[in-house]
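Several structures are given next for inspection.
Same chain, two partners: chain A is paired with chain B first, then with chain C.
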Partner chain A sequence: MNIFLHEFKSYLKSVAIWSGANFLIILVYFSAFTTIALEAAQMEAMMNSFPEEMLIAFGMNDMNFGSLLGWFAVVFLFCQICLAIQASNYGIALLSIEERELTADFLLPKPVSRVKIITAKLLAAFLALTITNLVVWASAFIVINLNRDGREFDVQALAMILSTIVLFQLFFLSVGTLISLLMKRVRSVIPLSMALSFGMYILSIFGSMLGEDKLEIISPFRHFDPNYIIANGSYDLPLVMISLAVIVIAIPASYVLYNRRNITAAV
Partner chain B sequence: MRIYWRELKANIKSLLIYIGVVAFFVVVGFQKFEGYAENPEILEVLDAMPAALIESFNMNAFNLTTVEGFFGVMYAFIALILGIAAVMWGSDIISKEERDKTVEFALTLPVKRSTLVTAKTAAALTHCLLLALATWGLNAANAAVYDPGPDFYRFLFQGMGALVLLQVVYLTVGILIGSALRQHKRAGSVAISVLLGTYFFSVIAGLKKEWEFLEYFTPFAYFDPALILRESRVEPVYLWISAGVVLVCLAGAYLAYSRRDLYI
Partner chain C sequence: MSVIEVNNLTKYYGKARGIIDVSFKVEEGEIFGFIGPNGAGKSTTIRLFLSLIYPTSGDAKIFGKDCIKYGPEIRQEIGYLPSEVFYYEGMKVLDLLKYSASFYQKDCTRRLFDLADLMELDLKRRIDDLSYGNKKKVGIVQGLLHSPKLIILDEPTAGLDPLMQQNFFNLIREENQRGATVFFSSHILGEVQRLCNRVAIIKEGRVIKLQDIKTLQADNYKKVRVVAEDLDQDAFQFPGVTNLSKEDGVIRFFYKGDINQVTQAIGGMKLLDVVIEEPTLEEIFIHYYE
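Presenting the complex of A and B:
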């Protein structure tokens, strides 16, 4: 419990910054919504004249920027980037920070098992991420309601999109933790977490802008595509399962690796 | 000079990784281009998308069915990767000494602190140039299949030149962050926040007319590939801003580092 509280306290400032960033992104993008909605109405007429197969080939059959939710799908992508960076930062730093700052010498002689340490740390990080998650939920509902001008939107679909955040964060948290344990020494966190989160982002946007799915399938940005949820009213289950499977494998693997880990000590 | 060589060697792994990342995206990108080449239907789809959205992905002004246009769209991704590399190297190369607790050793050497900063800056700059060179080569090699005209090679050359300037801006910003920030541990995250913040600015600036002034605050908007392709130039005002940022950052870095209270 002490470890949990100590860890959680150390996240507070970072959680405040990331939550603020997410709120600002949603706010700023939605203040441009009225302009976009006008243009989108013209676009829709054009789109209808194209053959359906072609739109599907470019992943554009699901998009609809004129609606509140359609625009939210665009905005949500930017929130996802922030959430991904935050979660992978937490994951990669989770256990490696003790060795880097030589505090493992202090922590590990304590009368707690390594399993308890990693559990407490994971839970603290997860709680911190959940707070950010809740802020995104709140900002989405508040900002959309402020900007809707009497338009209706599908509350259930919005809730479904926002529910994906939990798994999305867990993916980056657990994969980050696993990566940090697979390495002998993590010198600094940011390059690794950027590679993980931004790599996944560029991978998915590359796919959606320039054609077909190939490698993009490993990217969680793909697994929880809001456009798919809006269009179909359900999750893209096979892809969600990929994320779920990765989480289910990465967490136990982290426990095993940490239990066997040869800890770098100061002396 | 020894510090320069040593830094060059120490960072080589990171350089190779970035080259690998660029190679991956260029190869995958050009594979996708196969579907676009000489396929006019795509243009109709793109024309129908709302201007604000296209703008926010920097996809306007390019004819995706030609190699030139395709590189123009890839340009934004490449700029992002090279920008990340530059700002990370810049912030890391100075702050890592304190993080790895080697600063006691480095500063007891008979060299001035300013010499240290110069050598490290030069090493990071060399890496940026090598990365840009590799990107250039990779793009030229992948494009060769489509037999592009001299226009493409000119655009590629000038575009990569602009990206080197972009890298220099971010490199010096990173170096300033690395040498001026008291908490050396935060250098990396601050550098990345700056990079992401400016990237968002460049995206947001395209969304609304009233937000266009934001372009002045983001190097990603300084070197507009459309302008380079059509008129082979960049807006002079942005060049002046870049030069100003570079000079201020370098001066600030030397000043801050020579007075720095080191964490030992």
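Presenting the complex of A and C:
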């Protein structure tokens, strides 16, 4: 419990920043919605003049400018990028930070098993991510309701989209943790977490640009595509299962690797 | 029962050597010195005790229990001071010490404040702002606050001023008198000599000597310094004499063997001064490393 609390406290500042960022993304984009919706026809004409590839990259290829959820799907992509970076950061730093800053020499000689350490750390990171998750939920519902101007939207579909966040975060948290343990030494967290989060994003847009659906199989940006949920009223279940499988493999694998790991001195 | 029992402990980092076939025992109540130069394998041995790393072969038992299998349990009673101390960013000294104390079953609050007083530690400061020596003091307090039965020190005195070193040694002696066993790793021989009952000398990953401090000094070599008129260096060319040198009318050498041979050799000389003394550990040590 003491490790959990200590770890959780260390996330507070970061959680505030990432939650704030997500709130601002939703707020700023939806403030523009009223204007855009009024001139939906003109917007669509303008959009059609852009190259198809670019629209795909921003998830705007088959959006409906008059629809609240259609617009939210675009906004949600930016939220997803933020959530992916945040979760990757936490995952990659989770255990590697102790070795980089040599605090492993403080923590591991304490009377506590490595299983307890990794469990406490994963739970603390997950709780921190869940707070950001809840802020995204609240921001989405509040901001959409403030800007809907009497328009209706499918509350259930919105809830379905937002429900994907938890698995999306766990994917990057667990894969990040596993990557950090597969490396001998993590010198710096940011380049790795950027590579993981943006790498997955780029994989998903390349997939749609090239009409190549093999690449998207590993990208959670595809697994939880909000446009699919809006169009079908359901999840793309086989793809969701892939994300789930990755998490279910990555977490136990991290436990095994951490239990075997040699924590060598820095000097 | 031995507090530490090491059996054929070997550790390779890939192909790089850590330690090879190390065996020794540390008995309850001892202050055991573990000396060798940097890179000899001192820290590797300690990290194996604490299961920070895992052995390639062999094993180590602490309090009679395997130090990997029963790691968390035996670490309740181990206090460890690493050679380099680093702590979580942004924490205050008191917060860190309380966090450290929270891992132990017993209540360590009293001891925490007593030790902080003794080491003249300001508990309200942020650790980031502390000097190297003061960080080291935080390390000492966090290593001792749970009154451990085994204290493991990895080059503990670097960065402490002489007065603090003195305080620290007194503290370690007190802990030892209280019943704690001390495992003291160092490359500074003077401090090992001051503090320890027995030493193991480690060289290139192997323990090459395991002895009482007293026997180590007494049994082996005498250091002889002779000042005389008409000095003849050849007078000391007999078996047992090593490192013979003559400089400014002073002859120095080490001698191992029957001391009467030396006194006879000196007997015929017109002496100005003669010193026969025990060599320092430093000098013995250099001998082992030749």
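The definition used in the following text is that the second predicted complex is superposed on the first by the 236 of 267 C-alpha atoms of A that agree within 3 Å, B and C clash if a C-alpha of one lies under 4 Å from a C-alpha of the other, contacts with A are read in each partner's own complex, and residues count from 1 in each chain.
Everything that follows uses one rule, which is that a residue touches a chain if its C-beta (ideal position, glycine included) is under 8 Å from a C-beta of that chain, and two chains touch if they have at least 3 such contacts.
Note that the structure is a prediction, hence the values are computed from the model and not measured.
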Which partner does A:199 reach: the first (chain B), the second (chain C), both, or neither? first
Classify the contacts of A:108 with the two partner chains as first (chain B alone), second (chain C alone), both, or neither. second
In the overlaid three-chain picture, which partner chain does A:28 touch, first (chain B) or second (chain C), both, or neither? first
Which holds for A:36: it touches chain B only (first), chain C only (second), both, or neither? first
For A:78, select first, second, both or neither according to whether it touches chain B, chain C, the two together, or no partner. first
Counting touched residues of chain A, say whether chain B or chain C comes out ahead. B
Partner chain(s) touched by A:6 [first = chain B, second = chain C, both, neither]: second
Give one of first, second, both or neither to describe whether A:190 is in contact with chain B, with chain C, with both, or with none. first
Please work out whether A:263 is in contact with chain B alone, chain C alone, both, or neither, and reply first, second, both or neither. second
Complex contact set, residues of chain C against chain A: 13, 43, 47, 50-54, 71-76, 78, 80, 82-89, 99-100, 102-104, 142
Mind listing the chain A positions that touch chain B in their complex? 25, 28-29, 31-32, 35-36, 39-40, 42-43, 46-47, 50, 54-55, 58, 60, 65, 74, 78, 81, 85, 89, 100, 187-191, 194-195, 198-199, 202, 206, 209-212, 214-215
Write out the stretch or stretches of chain B touching chain A in their complex. 14, 17, 21, 25, 28-29, 32-33, 35-36, 41-42, 44-45, 47-53, 57, 59, 73, 77, 80-81, 84, 88, 92, 96, 99-100, 188-189, 191-192, 196, 200, 203-204, 207-208, 211
Listed in rising order, the residues of chain A that touch chain C in the complex are 2, 6, 10, 101-106, 108-113, 116, 260, 262-267
